[in-house]
Amino acid sequence: MSVIKSIELVGSSPEGFDAAVKDAVTEAKKTIRNIRGVRVQDMEVLIENDEIKEYQTRIKLFFTVERK
Amino acid sequence: MSVIKSIELVGSSPEGFDAAVKDAVTEAKKTIRNIRGVRVQDMEVLIENDEIKEYQTRIKLFFTVERK
Amino acid sequence: MSVIKSIELVGSSPEGFDAAVKDAVTEAKKTIRNIRGVRVQDMEVLIENDEIKEYQTRIKLFFTVERK
Amino acid sequence: MSVIKSIELVGSSPEGFDAAVKDAVTEAKKTIRNIRGVRVQDMEVLIENDEIKEYQTRIKLFFTVERK
Amino acid sequence: MSVIKSIELVGSSPEGFDAAVKDAVTEAKKTIRNIRGVRVQDMEVLIENDEIKEYQTRIKLFFTVERK
Amino acid sequence: MSVIKSIELVGSSPEGFDAAVKDAVTEAKKTIRNIRGVRVQDMEVLIENDEIKEYQTRIKLFFTVERK
Amino acid sequence: MSVIKSIELVGSSPEGFDAAVKDAVTEAKKTIRNIRGVRVQDMEVLIENDEIKEYQTRIKLFFTVERK
Amino acid sequence: MSVIKSIELVGSSPEGFDAAVKDAVTEAKKTIRNIRGVRVQDMEVLIENDEIKEYQTRIKLFFTVERK
Amino acid sequence: MSVIKSIELVGSSPEGFDAAVKDAVTEAKKTIRNIRGVRVQDMEVLIENDEIKEYQTRIKLFFTVERK
Amino acid sequence: MSVIKSIELVGSSPEGFDAAVKDAVTEAKKTIRNIRGVRVQDMEVLIENDEIKEYQTRIKLFFTVERK
Amino acid sequence: MSVIKSIELVGSSPEGFDAAVKDAVTEAKKTIRNIRGVRVQDMEVLIENDEIKEYQTRIKLFFTVERK
Amino acid sequence: MSVIKSIELVGSSPEGFDAAVKDAVTEAKKTIRNIRGVRVQDMEVLIENDEIKEYQTRIKLFFTVERK
């Protein structure tokens, strides 16, 4: 049996929003198992010296926790 | 004369959100004529075995219905 | 000293949502200095003759105004 | 016995928002029976050559479907 | 000195949304003094026998209460 | 080539919400060219001496800016 | 291959909100195949003669459409 | 002739959300006549000593006021 | 002295939404102490082979953390 | 036994938002007993002659009503 | 005659949210006349080296434009 | 390289909303490093014996996690 839990992360990438989501998932996989899905909450772009530096996506990440 | 109608679809693609929207439009074109535009409602990502399997976009699709 | 101001723009591109944001920033840079960031408000797709013609992103663009 | 269903339409009229709603209902009556009510979702105005061309209301239309 | 209070009402009229707001204000004036303003919350249309019977507006009505 | 920009205005009229939108557009036309459309954000009513004095609509007005 | 579509229904039951959802699903099954899930949008209660007559849930129902 | 008014209440019950709504309606009936319906706004659960003590529903209750 | 913290969980039950909330609280109690309350965020239903398989509630769970 | 009821008020103060909430509570205490809490809905500032005249907070005030 | 216009600003202050609003109004007064009011949209806090550096409020500022 | 994470806390203070945010940050600093900022989600006031006991702010706290 299992319960679903969610946390919130901000992924970022200089390439675009898809890559920013992938970045957050890649990072999350290092410490979280059984990731089920991701819901995009917000999309922002960071700009420095008049150039786009990073696409950022604030995501909600759902994962299954094994019950004891 | 004409009236605008809207339906809701979920498009999906392993490549990214742009492609997921394109997927839904491609599919809709088979049965719906005179599509005018699309509004993105929600973006989610499906994950299997710790890898992104599908980018999904829930869209609202607007099309013109000819009046008799 | 400085104050942050925001305006709203619609960027568009035939390639995708990332490019639509980039389009708006490129355009804004011609008249606005010290852009800090962008928040995506809405995403739409314009369709003509059953083909995606343009991806559009309505964005809020934040920039710093120098105080006298 | 019966179930309520809803669809989304955009009504439009050069006269105003009330007439735009009436337009959508008039159109819907041609194919839908037992309309119960309408909820206004969004109101927009289309402008051409600096003149208001059409008031538009995106509505949710509720109707009863007879159960077999 | 005075404090502002708000209540919620549903006004209705067979003529349109403006008249539905006016209806609610007319009714409120019978028991409430010092009405300051109205914010429209929701707009619905009641339909009977496939004809628009009533335009309805759910409003928030603000009024000043004299302090003792 | 062109970019779409949006600003926010409050139109007002003693006659009703349609007229309040028209008021804002009439005013905007004096300084803004190539208006494309209007999205209604909020509707309020100003009351003085227990009578409706003004219908007000807060609108978002979209217009095209020619690119150099 | 397949695409996900969604429609909106209002289920109702004298027993409670869970039963109202079940009612809508039971009804939808008669004409729709491959239902995947339901998202509750709104919950209301209908009252007659000062007694609760019906619990109502407005739901969004997602189902898979086989692609040709 | 009549006008619809709405108030907000929080119903509570140790049994569940349906019962919490019923609780609020039962209470409202003691002082309010001609209740028409209820819209659920929020659902919360109160917990004491690690056990669910009360299901709570914040509701908007609509009722008809007879016009003089 | 103490601070309140919140996490997000998805509870599920084949019986209904009340039981789905109870499921999440039961699970949370195994690792979290001093739970204060729960706010329901979203309600969904999972369907398999045209039958309701699980009622799911996404909840926000508040608990007190003892300060050192 | 008791039921919770809520009303909406606008508090105001020349000093700030905290004081504006306190103002509304002070005023409410004169006619309402057993106030439990307040939720801030909106914050506005009134300006006259280019100076801040009043901070205003629109609040929802919850109080317990004794059941007979 | 006059029309109301609104712009969006971010005010900031090391002292608190009230002061951050005042900061934005003070700044706006240098270039804008006939400010009528301010609506708070968002409140954030900037932190550097584990200390609160600035309270920030994103505001919508309404002002009257004289009509020619 | 680093990823941004967010958690939700409720800060409280008898003095006001600014202090309630400060309270949550002070508490968070004991266990979390590299806090970047805070977004205010909700503001409530707790009342006991007809006096304001505590101002509460539910906040979202963003912090950087070092990547290995």
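Residue numbering begins at 1 within each chain, and the chains themselves are lettered A, B, C, D, E, F, G, H, I, J, K and L in the order written.
Following the convention adopted for this analysis, a contact is a pair of C-beta atoms (placed from the backbone, for glycine too) under 8 Å apart; a residue touches a chain by one contact, two chains touch by 3 or more.
Being a predicted model, the structure only gives us computed values, none of them experimental.
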item: Between subunit E and subunit J, the fewest steps along chains that touch one another; value: 1
item: Interchain centroid distance [CA atoms averaged], subunit B/subunit H, Å; value: 39
item: Centre-to-centre distance between subunit J and subunit I (centres being mean Cα positions), rounded to whole Å; value: 31
item: Distance between the centres, which are taken as Cα means, of subunit H and subunit C, whole angstrom; value: 45
item: Where subunit J touches two or more other chains at once, by residue number; value: 7, 16-18
item: Each pair of chains that touches, named by its two labels; value: A-B, A-C, A-I, A-L, B-C, B-D, B-G, C-F, C-K, D-E, D-F, D-G, E-F, E-H, E-J, F-K, G-H, G-I, H-I, H-J, I-L, J-K, J-L, K-L
item: Subunit E partner contacts - residues on subunit H that touch it in the complex; value: 3-7, 60, 62, 67-68
item: Residue numbers on subunit H that touch subunit G, as the complex places them; value: 16-18, 21-22, 25, 29, 33, 35-40, 59
item: Contact set on subunit B toward subunit A in their complex; value: 15-18, 42-47, 50, 52, 55
item: Subunit C-facing residues of subunit K, complex; value: 7-12, 23-24, 27, 30, 58
